[in-house]
Every structure is written in C-alpha cells, then in structure tokens.
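Have a look at these structures, which come just after this line.
Below are two complexes that have subunit A in common, paired first with subunit B and then with subunit C.
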Partner chain A sequence: MTPADFVNLIINGTVEGLLIALPALALTLVMAIARFPNAATGDYMTIAAYAAVGVQVVLPGSLVLAALGALAAGAAVSLIFYFWVFRALRGRSLVASLVASIGVAFFARSVLTFFVGHDQLALQVPMARAWNFGGIRVLPLDLVVAAVSITAMALLFGLLQLTPVGRQMRAVADNADLARASGIRVNRVLVVLWAVVGLLCALGGALFGAKAVVAPELGWELLIPAFAAMILGGIGSPAGAVAGAILLGIAQELSVPLVGPSYKVAVAFSILLLVLLLRPRGLFGTAIAAR
Partner chain B sequence: MESREISARRDFLVAGAGLAALAALPRFAYAQAEGTFRVGSLCPISGGGSSYGSGMQKAIEIALAEVNAAGGAAGRKLELFSEDSQTKPDAAVLAAKKLIEVNKVQAILGTWSSGVTLAVMPLTDAANIIEMNTSGAPAISTLDTKDLVWRFQATNDQIGAAFAAAAEKRGFKRAATMAFNNASGIGNTEGFKKVWEKTHGKVVGSIVYEPNRPSYRTELQQILAAKPDVVVTGSYLPDSTIILREWYQTGQDVKWIMPGWAANADLVKVLGNDVVEGVIAVDAVSNEAAASYKHLDAEYQKAMGKSVSTNVYAAMTYDMVISLALAMEAAGPNATVTQVNAKIRDVANPPGTKVFSFAEGKKLLAQRQKVDFEGASSRLNFDKFGDVTPDFGMYVIEKGQIVRKDIISL
Partner chain C sequence: MQAYLIAVVIIALIYTLLALGLNLQYGYTGLVNFGVVAFYAIGAYTSALLSLSGWPLVASFPVAMLVAGLAAYPIGLLSLRLSDDYLAVVTLGFSETVRIVIQQEAWLTRGVQGLPGIPGMFQFLGVGKYAEVATLATLVACNLAAVVLLTHLVRSPYGRLIQAVRDDETAVETLGKDPARLKVQVFMLGSGLAGLAGAFYAHTITYISPEQFLPLVTFYVWIAVIIGGPGRTMGAVVGSFILLVFLEGSRFARDLAPGVSEVQMASVRLAIVGLALILFTIYRPQGIMGRRAQ
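Moving on to the complex of A and B:
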C-alpha cells in the first residue's frame, strides 16, 4: 500500500458517502418532520433513475435534461404518495406510517417493473479516463457526483436555515402542535418537505444510475446504508446524516486492506455500533430533532 | 429527552425488522386440481438473473403445454405454479416454502444461482420432492444425499476448468481472480485456480467482493496492483458492468475472462463497444445439432421474439420438464415422487433409442422400449451425482458482437 493508494481509498469512500448522504438526508428530514422512517425512500430513487434513462431514450446524450427529468419524477412521485397515502396517516403511530411506506415501496417498484421489466439499464455517461496525479486517480464522474451532492446539500441547509419555510420546517420538527398554534400552516410545510425529499431522492438515484447501473432494486438496496448513516449521525439531524454517510463510506473503504472487501460492510456497521454505545443519540443527535 | 429518542429508535428498529420479514412473504394460494402432477417453477424473474428468468419460465410453460397436449404423462396432466426467486436465497426460501406447503408441488424447477439452489435444497429434501437447477456450486452434488437434485448446468469446477482452458489457449501468463461473494462466484474462480495452478504457478491476486455496491474501485485497485495480464471473474451482470466501466476508466491494460451469463449482449448494450472490446466469455453451449434444440428454438422464437441461443438456461428448464414427464411415463400411473425420481436416469441416459421430444418418448415407452432423451441444452446423461457435462463455448467480444471462437470439451 502506497500513500497514493491510501488517498484513493479515502476518495472512494468520500464519493460513496456523498452519494448515500442524499437518501440519508431524505430519511432524516421525514423522520424529523413527519416522524416516521420512510421505507419508500429507496424506490423514489429508483423511479427517478428510470426517469433519467427515459429522458435519454427520447433525447439521447443530454445528461442535464436527464437529471432534470429525474428531479421532476422524484418530486412528483414523492408528492403523489404524500397526498395519496401519508397525509391520511398524519397523527397516527409511527408503525402505521412505516407499514404504509413499505407498502408504497413495493407498490411503486411493482408498477415500475410492470412497465420497464427487470433488465438492467444504464445512463449514457461520457466515458473518460481517470486523471492520474502521481498514482492518485480521480474520475471526472466522481467529481461531478461530489459537486452535485455538495451543492444540493448547501441548498438544503440554506433552505432550512435562511428561508421562512425552512424556519417553519424546523419549528414543526421541534413541536408540531406548538407550530400550528403559532399560526404555521403545517400542511404547506409538509408539501415543501415531500417535494424536497423527492428532489433529494431523485438526485441520489440519478447519480447512482450514472455511476453504477439502473435496476429495479437500485434504491431498495441503498436503504440500509442510508438508515445506518441517519442513525449514526443522529436521527433528525441533516448535518449528522451527511457526516454519518461520509464516515461510514470512508471507514469501509479504509478497512479493505486490513480485512478484505468481503468484510468492509461489517466494519462500517461495527463503527456504527461503537458510536451508538458511546453516544446513543448519534453524532449530532439534537440538531433539529430537539424535543 | 434522550430516552424518548432512544425508545423511538427502538420502536422503529423492531417494527422495521418485523415488517421487512412480513413484506417479503409470498402472495396467495391457488386452488389445487386433483389427479395432476404439481410442478413449481422458481426462476430468477428479478435480481441478478433477470436477463434469463422470464425466458426460463417461458420454456417451462412451452414444455408443459407439449406434455399436456400429448395427453399428459402416465395419465396425469402437469400443473404449474410459478414464483420468482428474485435471485436471492432469502426470497427464494420463502417462495419455495409457499410452493411446497401451500401448492403442494412435487418438484421445484429452474433455480438459478447456487446461493438460491443451496438455500432451497434443504426444503425440497425435507419434503422428499425433486429439485432441478441450473446452478454450478460443487457442494450441490455432495449435499444431495437423497439423489433428488438434478443439475442441468455445468458445475463451477467444470466452468473453472473451461476458464483455465480458455486462458491457456489465449496464452496468458499472469492470472488474477475476482469473485462475487456467493457459492457460484467463488466456485468458478476456485475451479479455475485448481486447474491453472497445476501448470502456471500461483494466481497473482484474488479477491472476493460484495454484491450491490455503487462502486468497485477499491477492489479493482487491489487486484490491478498485482499487474495481472488477465482477470478471471466469477461474476454476474450488474457487478460486471460496474467493474468493467471503472476498470476502463483507470486505463490499465488487462484482459478479462468472464462467465457468459455476465459478459452477454446486455453488458455490451449498456457499456458500449469500446469498453467490452476483447472481453472473453465462457459458457455452456446448448445441444445445437439436436432436433430437440431446433424445435425449442422455433417455439421460443414465437413466444419471446428471439432465438433460444440467447438464453442457454431456457433450454435447460425445457429439458427439466421433458425429462421429468418422461420419467413419470416410465414410472407408470400413480407413481410416487420417489418412483418418478428413480426413472430420471433411465429416460435421459443411454442405452436406449434416442428421442428428441416427449411425444416421441411416450410412444416408445408405451411399447416398453428403453429411451434416451437428448435434450435441447445437452445430451443430459446424468452421472451418479445427478450432474450433466455440457460442452463450453469460448467467445470474444469484437466490435460489440459476441463471436464464438472455440468449443471446449473437458
């Protein structure tokens, strides 16, 4: 192992972490504001990734248009299921909404595969050789993934911290009844929430599709890593979800030279266990989930 | 404050675990007809084997219709119950339980990927029913203590040996291996190592990787650091797609030998001609000269719109139904599953008049003649483990076309 190899591992882990951070953010926002773990998060990603492929079939070559198509599809799917399913379950127990979200996940995937089948697809991404800086290899695509992901996070934090609706979202997260009593229109806040969730999932799905392959189980397989990142960072904390995802990503790549790739996921989860033993709230457990 | 958060988290973890299990349960029961032989189909409709699953199930349906059109086997019609293995052992076990306990099937056909077959075998063995698979793991032979398991695909050892023969023919010197972490992936590369290391010394590097990763750069970095001239993989389509794309981007010169179920037309379509140029694919070849193959090819073309040469596993599942039905015919009316099972070698192995369809075999069996069914997938001829020995094709991807270069007979 040369130092350059070491840096490569950290780069790989960071990029993977930034990718997982997007669904982890979507999960943690729903957890903080709508108060249930949304198991359909992954399938929103899948649908958005297929939408991106669909746009490319109609308009070959355009990555930006494909991404816009994914964003539109992600937001639309998320809002449809909010109005159709989750709005009716507001105020019910966490378990009711969780069960419903699992149902939504299976329903969404079944409808999708009914129309597009089970074959794997891929986004057409220009194939470029990695830039080589003395053994440190950087893929242009990874830079794009990182840049898009970081920009999306910056916009999200701007929305939460600097805009009136962001303040209202945080107020609802803090105490929904108090927020309503003080004149905040909770309905409007929830519509914004689900639109944002859809957009985050869409970006995650499109970037994953560009990096890997687009298949019906794309998002479902990412659900557990995203849950892990959310729990590690502290449930309900956006900053924690990002930190958790990157930490898990780097930890598992760095463990490869020590334990081999078969056990890298186990190492990531041991770190999750360790953090939770020492700090059960997770890394940033009180940020907007302060109750 | 803190305790509320913890209890909320605990609630959701418990609820999540319970529900994930619930949600994976198979669907509803179907009514059962009397006087039929119930066959369960458990093909990989979704997941890693999804390029093949639908075609495999269609081939089962084609064969079943032929058997029933010929009046059934020994007076009984075949009745089909289909489930999706999702190419996942856990999902396949739930589906197999449903087939066995609810549908009361007497045979389960079409399990693909060794992980799935190995997971389903204990259930079929416990229920004393027939299991027919297209999986390669050597352990399937040894764990089959009741001789109820029939393998229509080459074993991983045989495929590994075919990889080694291909690497030999192409003149490679420094081989490394990458294996998907399941019985088949590791079985293929281990089978390769066994043969290769006899003549070429140690492989220069080997790695076992996890499924469903967004990236395999770290794994590639490990393996390319050993400077191999060829990487032999025990892999599937989705992971092969990601690995090849990332390898191409690193720019390091190396050749690839992959199983045919990974290096197929879908791989070319997704990655484009440049990336896959020169990739060597090795896979079992169907029994292309046989009348049974030609017949199935025509039927498959009608049903699926493409040649059965695009799906070697469909030919295997077709043969499963025909050999099962011939064995039923040979065992006579109202035979038990065990009696039917005991006749499978009789109808598929020499000696006997070669037959190429169920109707042909049924006629001769009625005259108390011995038959030897020549399948669409291979000559069959099961050995004492219930394994067939097909021939292999070596293909090279040239300008997006998968071109056959050689036939390898072990």
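Moving on to the complex of A and C:
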C-alpha cells in the first residue's frame, strides 16, 4: 500500500464517518433525553431516502427539492411514531421502548416495501470525475456530503448550546425531574427532540442514498455502525458520537485491504466489543450513561 | 395434507424451543437478547458440519447445544456487567456478524451456496412418514423436557433469584449475590436451547444457508414470547403456535387477495409482526396468557 492509498482510505473513512455521525447523533440524543436505544433510527433514514427519490421522480433534476422532501418525510415519520408509540411508553421501562422500536423498524420498512418493492433505486446526482492530486483522489460528491454533514452538525450544536430549547433539552438530559420541577415543559422538549432526530436521519439517508444506492435495507445496515459509534463516543454525548463515528469510519476503511469489504459490519462490531472491554463509558461518556 | 401438518408442527416445535430459551432470558431474567438467530445458526451449522464429517447425531446435537451456549459466554461477560441496553445492541451486532462470517468463510460453510445433503433424522427408518413422525416425537419429548425443567428451575431458589435480578438488581446485590454472574449463566442456558433448536432445524430441512438466519428469525421468536406472555413458560409454547398459524395462514390468505404479489405478502407479514410488537408492548405487555405485571 502506497502512502497515497493510505491517504485515500483515510479520506473515504472520514466521509463515511461523517455520514454515520448523523444517525449516531440521532441515537445518542434519544438515548440522552428519551432514554432508550432507538432501533428504528435506520429505517427513518431509509424512508427519507425513498422520499428523496420520489421527489426526483415527480420533479426531475432538483437535488435541493429532493433533500427538502427527505427532510420533511424524516421529520414526519419520526414525529408520527413519537406521538403514536413512544409517547405512550413514557414512564415505562427502557426495554419496553426498545422492543417497540424494533416493531416500529419492521413496520415502517415493510409498509415502505409493500408500496415501492425491493428494487434498488438511485438518486440522480451530477456525475463528476474525482480530482487527482498525485494519486490522492477526492470525489466532489464526497466534499458535498462532508460539507452538508458538517453544516448540519454545526446547526445541531448551535441549537443545543445557544438556544433556549437546546438548553432545555440538555436540562432534561441531565435530570428530567429537576427540569420539570424548574418549569421546563418536557413534552415540548420531546417534540423538538423527535423532529431533530427525524431531520438528522433524513439527511443521513439522503446523503447515503446519493453516495450509494437506495434500497430497503439502507438504514438497517447502518444501525450497527451507528450504535458502535455512539458507544465508542460515549452514550449521550453528541461530540462523542461525531468523534466515534469518524474513528469508526476510518477504522472500517483501513480494514478493507486486510479483511475485504464484506466484513465492515463485523469490524464495527469488533470495535464495539473492544470499547466495552477497555472503556465501557466511551471516549466522552459520563459515568451515569454506562452505570 | 398429513405430511404438511407434520412439517408445520415440527417447525412450530423448533420455534417453541427458541421461545422457551428467550423466555428464560427475557421473560424471567429481563435479558434483551436481540441475537437469538446467531445461536440458532451456530447450533445448526455445528451439528450439520459434524454430521457431514461422520459424527452420529446423538453426539452432534449435544455438541451443537454446548457450542451455542459457550458462544454466549464472552458476549454475556462483556455486556452484562453494563446496563440492559448494551446486551441488546451487542447481540444484534453479534447476529449480523455471525451471518457475515458464515457467508464469507466458504472453506468451512460453503458460504452463500449453503450446506446441502445434511443427514436427516432417523434415516434408518427410511425417507418419509416414519422418520418424520419419529422426529416429531423427539421434538415433543425435548419440548416437554424443557418445559418441565424450566418450570422447576423458575420455582427453585435459583429461579426466584433470577426473577429478582429482573425486578430489582440492587436488592440482589445487597443479598450478596452477583447479578452479572446469574445473567451470564441464564444467557448461556437460553442460548444452548437455541443451539439445540438450530440442530433440529438443520437435520429437518437438510439444507442450510446464511439467508435462513436473518434478524427476522430473532423477532419471530420475540413476537412469540411477547404474545404468549413474557415470564410464562406455557406462554412461550402458545405464542409459538400462534406465530406458526399466522405465518402459514397468511399463505392461504393470499388466495383471497389475488391482487397482492408474493413479495408484497411478505411485506404484509412483516408489517403485522412489527405492528403486533408495537401494540402488545403498549397495550398488553403481559401477553395473552400473563397476569398483570407485578
């Protein structure tokens, strides 16, 4: 492997990591505020990716409109399942919401496949050749993906750190009872949470669909890498989720020359096990999250 | 028709073994095992590969059970010291990893082509009805043994202890018991049962391939346990039969809805499984057989 190959793998891994960071952020926010691992996260991505394809079928050529369609679909799906399922399970055990989220995942995906089938679809993106800098290749599409992902994260961190509702979200994450006692309307915070979760998933789904193909298993296959990224970064820590996702993306890419591309999920799983063995609270985790 | 019924009941009994194992883990001990299919696959491949290399089934079945149980040990050890949700994530990852390993390591498992020609059970009775009835009888005996053992187990002091782990871990700790150790033991025991179910499956179907071990199987078992009522041994039995009646019945239902393709019917089946998981969790967490949760 030449140094240029190595750099290429790092670049690909970083872009992949920035993609995984979006569902990982969605997972970690739900974990921090609603307090369960949401196994439906991946399928919200899938539905949003299909929505983007659907918008392009009706209005060919417009990427921005397709992205907006994905965002609307992601937020809608996330809020529907919050109002229908997860709100009813508030106050019940973590396991109840977790099992229900698997039900949501299967239900959402199979309603989708009932109508659109199992064929692989593609988002129309402008084709562009990779720029070549002495063997180091950069795809313009990857730059767009990275830029969009970074912008979304900046907006999210702005929301969490600079706005009143963000402060309330962090307060609920710290201590829900104390937050309620100090006059924070937890219901409103949860609606904002699930809307944000839907938007993050939608963006992840649309970007992943643009980079690869849109298929019914798109999101489900990203669920385990996203879980691994969340735990690597420390459950409940947004900055940790991003760092964990980028590390995981790079590790997955670097493993390809060694074990082949089929073992990506297995690599994510091995990293997950290593973290549990060596540092269960993750890179940025608090003691509470890991008990 | 008779042969069809026997085949369906055999599959239902295999699912019952899986559900009994999961019910011990989740229903009684509160362990969220989202990787049931991994231990099922390990049992199936272990017994299939051993018997293909000449082992008699009386030896390959116990080894399949043992290997599946032992595979649960490191997974349990790593995740069960931590809070409940870790086991769910780790077992889900484990089941996908096992499937990929089976797919990729073709030197051992023949990969996606699958393993054909696995010796059937009771081959000395010839191919056909007698062998099938004998298989059925063996499965009934194994299920009965499992039900009796589990019923005794959960009523024993050990059984009360694992239920206490589910209900209040701190209380168990103050009694000087180690919840993590109990959880690992139960996790291994239930996974061993899944391994046994896998062995039965391999030698009944006589052909196994990675695509038979999708996460979907795990959630079929979950829905059986949840419908039957977690923490009710007979619930797992009833739930498994309801599941199979539903899965088989939906084949006939397609004849009534000719506009729906086979692929769409698969989507409908899956949607109903998902919907049942949601609705039972919200409205009837104790299942159809269970009492109201304590």
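One rule holds in what follows: the second predicted complex is superposed on the first by the 262 of 291 C-alpha atoms of A that agree within 3 Å, B and C clash if a C-alpha of one lies under 4 Å from a C-alpha of the other, contacts with A are read in each partner's own complex, and residues count from 1 in each chain.
What we mean here is this: contacts are C-beta pairs under 8 Å (C-beta built on N, C-alpha and C of every residue); 3 or more make two chains touch, one makes a residue touch a chain.
Just so we're clear, the structure is a prediction, and the values are computed from it rather than from any experiment.
J.: Answer with first, second, both or neither: which of subunit B and subunit C does A:T113 touch in the superposed model?
T.: Both subunit B and subunit C are touched by A:T113.
J.: Of the two partner chains, subunit B (first) and subunit C (second), which one does A:A100 touch, if any: first, second, both, or neither?
T.: second
J.: Now for A:V57: first (subunit B), second (subunit C), both, or neither, which partner does it touch?
T.: Once the two structures are laid over each other on A, A:V57 reaches no partner at all.
J.: Touch test for A:A228: subunit B only (first), subunit C only (second), both, or neither?
T.: The answer is second: A:A228 touches subunit C but not subunit B.
J.: Output check: A:S262 vs subunit B and subunit C. Expected answer is one of first, second, both, neither. What do you get?
T.: both
J.: In the overlay, answer first, second, both or neither for which of subunit B and subunit C A:L89 touches.
T.: In the superposition, A:L89 touches subunit C alone.
J.: Quick check on the superposed pair: does A:L121 touch subunit B, subunit C, both, or neither? Answer first, second, both or neither.
T.: first
J.: Once chain A of both complexes is superposed, is A:L273 in touch with subunit B (first), subunit C (second), both, or neither?
T.: second
J.: Do subunit B and subunit C touch any of the same residues on subunit A, and if so, which?
T.: 36-37, 39, 94-95, 98-99, 102-103, 106, 113, 118, 227, 231, 260, 262, 265, 280, 290-291
J.: Report the residues of subunit A in contact with subunit C in the complex, numbered from low to high.
T.: 31, 36-37, 39, 84-85, 88-89, 92, 94-96, 98-100, 102-111, 113-114, 117-118, 223-224, 227-228, 231, 260, 262-263, 265-266, 268-269, 272-273, 276-277, 280, 290-291
J.: Hey, which residues of subunit A end up touching subunit B in the complex?
T.: It is residues 5, 8-9, 12, 15-16, 19, 36-37, 39, 94-95, 98-99, 102-103, 106, 113, 118-122, 127-130, 132, 137, 139, 141, 208, 211-213, 215-217, 221-222, 227, 231, 235, 253, 256-257, 260-262, 264-265, 280-281, 285, 289-291 of subunit A that touch subunit B.
J.: Under the definition above, what is the set of subunit C residues touching subunit A in their complex?
T.: 30, 32, 34, 78-79, 81-86, 88-90, 92-94, 96-97, 100-101, 103-104, 219, 222, 226, 263-264, 266-271, 273-278, 281-282, 285
J.: Per the contact definition, I'd like the list of subunit B residues that touch subunit A in the complex.
T.: 1-2, 4-6, 8-9, 11-12, 15-16, 19-20, 23, 45-47, 50-51, 53-54, 181, 207-210, 212-215, 217-219, 221-222, 225, 237-238, 241-242, 245-246, 248-251, 266, 270-272, 274-275
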